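Look at the two complexes coming up: subunit A is in both, with subunit B in one and subunit C in the other.
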Partner chain A sequence: MSTINVKVAAIEAVTPLIKHFTLVHEDGSELPSFSGGSHIVVTMDAEGRTYRNPYSLMGSPTDTQAYHISVRRQESSRGGSLFMHEHVHVGMRLKITHPVNLFSLSKLAHKHILIAGGIGITPFMSQIEDLKRVGADYELHYAFRAYEQAAFVNELEEMCEGHLHCYADSQGERIDLNALLSQQPLGSHVYVCGPSPMVVAVLETARNLGWPENNIHNEEFSSPPVGEPFKVQLAKSDIEIQVPAEMSMLEAIEAAGVKADSLCRGGVCGRCELTVLETDGGIEHHDHYLSDSEKVSCRSIMPCVSRTKGKRLVLDL
Partner chain B sequence: MVGSGAVLSVWLIEEINMERGYWIKSKPVYTSLKWHEKATSHLVLATGIGGMAVLKLFQQMHPTQPVKVLYGKYGQMEADYSDTLKMVVPEGLHIHKFDDALLTQFQLELRDAQMGLRIYVAGSEGFIWDVVAAAKPFGIQEMEIMKEQADTLARSVYCVHCKTISKYVTTNITACCGCERMLFVRDHFSRNLGAYMGLMVDAESPGELPAIEEIYP
Partner chain C sequence: MQLNFNDESFRDDYSYKNSPGAIKRFPFPFAEDHYMYSVNIEPHTKGAQGSVYEFTFDVDEHYVSECLDKIITLEQDPGRYSALPHMMDAQWDFLELAMTSMANDYPEYFTLTKNGNVWTWENRPLDIMDTFTFGDASTLPSEPFEYMGRQMQGDFVLLDQRDGTLYSDAGIVTSQADWSLAFNTGMSWQEWHGPVPKVTELGVLDRALKYLLNLQVGNPVRRLNWTMTVNPRLDTSPENYPLWAIDRNKVNNETVGDLVNLRVELQSLFRLPRSNAIVFGVRCYLMSLKDITTYPRWAKRLHRVQKDLHPDLIEYKGMTSYHRYVIDWLAQFDDGEVLAYGSHPE
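This part shows the complex of A and B:
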């Protein structure tokens, strides 16, 4: 995939755990324009390994001078966010992919209900720019642990005027999803980005209230979970690869020099789907792409986030 | 006879392909009406023999959520299920004589409706897509509406030359009611227009027409 060479122009600590990075083109030229909800994948060359993490673009889609991403420090993850927090400095060069939108606003919607949890606020920040530009009707519901830890509340208050509703868990404030989603006009669409339990709650509530699938949108990038090490055999390439506990299978395949397709690297888009030829222990599916029946059949796997429970896995690659 | 022009070859290819396994993605596939389990209210629309689909819905059950049924006793067929529907649907049944009145009430219902309302339609294909068109200004997408085709197979045909839609076409080839060109009725369907594409069939050899047959009775 073609990449863009960028330079870190600024780093700002938004909260003790969240850093905001401003990226500009290495040679000062304009960056590709994008639509609200798009993300990029940032490649980080760390000592001995490469991280590729997806981050939502949160700047205005009309600003092609700079891209803005925010990274929450994840202590118990594989290290990509720690690398961004500890090793990336102003002036450093990074490689990013072109923006891709897997969380786009519906052009047919009459009203947009945006629900964000914590760092899940980022894709909505670019979407709000789009919504304001076309004068669309929207509500933003933003839930977080506490005001001290919440990113961009002041900016959002200014951007959204009366459309913003904040909920601080520390003050016992919760979004009443049932009340929110049971009183929306026809043609409403709901969008959710946040921690997994929140996404599940929104999807379930909307479905139980009879919202059509088409009107429900979610973005839930999973970071590849840490698992047990295992061996994967690539049938066409005729090689065997060891997948360490804290590395995703896709990363291990790439590190071995085998070309594998990928796009979101978060179990959402389905681009990296591989056919499973043999498995001795079943598959731990962590993606949001395959249907439940496809997951049970164990014929396909998303190597960006999923692993095997067994010792041996043979893929058609 | 082998057509040399692009227009002529379209129907030739389609007629050959229609033999077996021929399938075009744009052609709608209809279903049998079945209540959505998850809904906050239901709105059922039917005309003519489509009333039978409504009766079958109430055979499945009478939902706990509020239900409204708008029935039109007009249509191609004489079938009129008004009296049976009055017995089966004790409240929320509205019977109309003309489709304009039915569709006007439909839009009035939509004006105050909220997310969670599910819509069902049974009737001729023309009626189904009239309902889709009436729902569109309310932000309702076509795939959200459950559709059962009843009554005639007659097609609405959009003339790709003069953009007129001829309604109730029952034959493979028809004269456009706008420009009078002889049109081959394709399976290519526009969800936006609610009509099948009609292409001039004798553009290259005027007057030379394949046999005209009633295949959409």
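This part shows the complex of A and C:
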């Protein structure tokens, strides 16, 4: 996968927990343009290990001078967000992937309903630029704990004018999903990004109201789940590797020097799919790519997010 | 590298010809003695110097004549260009990709000068120079996709990605192997591949689609496809079927080597940055069977592939009426030598 070398041009603490990073091309040249909803994967070389975390691009897609990402400090995470908060400084070099869009706007939608929770606001910030440019009809519903902890409310008010609706949990404000999604014209599309319970609630509400599956979109940026350490055997490479608790199997395979294909590193794209040669059936599938029957068959695994609780796992790699 | 552009025709007197250099760089598609559809997609990375893979878009000795043939076809049937309204972002993406790669790869022919959003494009072989505002279609003589598509060899289709599939929502198609843009515009991946035999059973379509849905900006991919065409005709469209299909009846033992051309499509796919659409390029290379026998290895390989070809593929590719002449004629070049894997000429 081709990467881009960038330099951190600015860091701004947006809230006590959220930092906004401005990234520019290392040699000062233009960065590729992108579409609203795209993300990049940032590679961080920490001492002794490498983090690769996906972050939504929240700047204007037409701005090729700089990329903007925001990172929420996750105390319980695998370490990527902590590294971004504590060790990344202005002038530091990072490697990023080209932008990838797994959360694109439907160009034929009559209306776009955007629902954000907390840091899940970031992909919508680039999407709003696209929606405004083409003059599309949209509503942005942004829920957060409290105004003091909410990022970018002022910027959004300016960008969205009358299209923004805010909900502060601290003031008892909640999005009435049923009311919101039952009143939209035919041809509307709904997009959600936020904490898992919110995503589930939006998906369930839309489905229960009879929204077509193709009109419901969600992006989850869950990092590969942490789990128990385990061993995996790579048949072609003829090695056994140890996957530590805080590392994904894909990361462990890469750390062992074995070449493995990957793209989204979040269990949705399918690129890193590996064939399971032997297993005692203890595969924990965390991906959104394999079908239910494929998961039950245990013939494939997505090493970017999935793990095993079993004793034996042999992969065709 | 300065090319001498051929003065040649792809219709009427069919004066098209390949120089020895063009024959040697022909993208011969058969690495083995047997052929069946597969997901033969690979990264579109820079290939060997002088090869058709050296640059993003290959420009060869046929460039000027092909672009002129495209103008004739579009004039006779403007429906060969079509773009649905939601594809305008993709149109500009396409123009940018084409202009930047061509200017970068062939500075002796093409120059792109950017002054903010005001761009000047100079195409010396076609004697074109235009200054326009990027993003403002009213500043170009035609829509951006058509403007640039007319200055490139091969056909292009812009695919919109939605509903978990790809829709062919724009195209400029004048050198197609018997498929219709007017018929296919707006169709989904599964719909436009509907007539292709075998691929659904093989699972090829689903796997290729999964791969393409994840295509990344900056990481284009390519594959080769092939068929045969009687006479070196680019416009073998269903719309003009009466003009070319009848030529199949002219193939016999005496004419087959000159009349029948192996038609190879270098298909390339690029993710476009602003629109998240995909451009599907189909570049056509034509080579008479006689020219292919310049390299005995190719003649032997082609004979075996054709002899062994599944009847459904012979029928789908429209070769049924003359295919036996192809096999019989190629047989004289095949001494049964065991050929190593690979499509190289010698």
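Assume the second predicted complex is superposed on the first by the 316 of 317 C-alpha atoms of A that agree within 3 Å, B and C clash if a C-alpha of one lies under 4 Å from a C-alpha of the other, contacts with A are read in each partner's own complex, and residues count from 1 in each chain.
Keep this in mind: a residue touches a chain if its C-beta (ideal position, glycine included) is under 8 Å from a C-beta of that chain, and two chains touch if they have at least 3 such contacts.
Since this is a predicted model, take the numbers as computed values, not measurements.
Superposition model on subunit A: subunit B and subunit C are shown in a clashing arrangement.
In the superposition on chain A, A:32 makes contact with subunit C only, while subunit B stays out of contact range.
In the superposition on chain A, A:214 makes contact with both subunit B and subunit C. Applying the stated contact rule after C-alpha superposition, one finds that A:184 touches subunit B and leaves subunit C untouched. Once chain A of one complex is fitted onto chain A of the other, the partner contacts of A:127 are absent, as it touches neither subunit B nor subunit C.
When the two structures are aligned on the shared chain, A:306 is found in touch with neither subunit B nor subunit C.
Once the two complexes are overlaid on the shared chain, A:110 sits against subunit B while remaining clear of subunit C. More residues of subunit A are in touch with C than with the other of subunit B and subunit C. When the two complexes are overlaid on their common chain A, residue A:279 makes contact with neither subunit B nor subunit C. Mapped onto the common chain A, subunit C and subunit B collide along 312-320, the only clashing stretch among 168-176, 312-320 or 330-338.
Within subunit A, the residues touching subunit B in one complex and subunit C in the other are 108, 214. Of all the residues in subunit B, the ones that touch subunit A in their complex are 36, 38-40, 110, 113-118, 138-141, 143-144.
Within the complex formed with subunit C, the subunit A residues making contact are 1-2, 32-35, 38, 61-62, 97-101, 104, 106-108, 134, 214, 263-264, 269-271. Of all residues in subunit A, only 108-111, 181-188, 207-212, 214-215 touch subunit B in the complex they form.
On subunit C, the positions that touch subunit A within their shared complex are 86-87, 89, 160-164, 210, 214, 216-219, 273-276.
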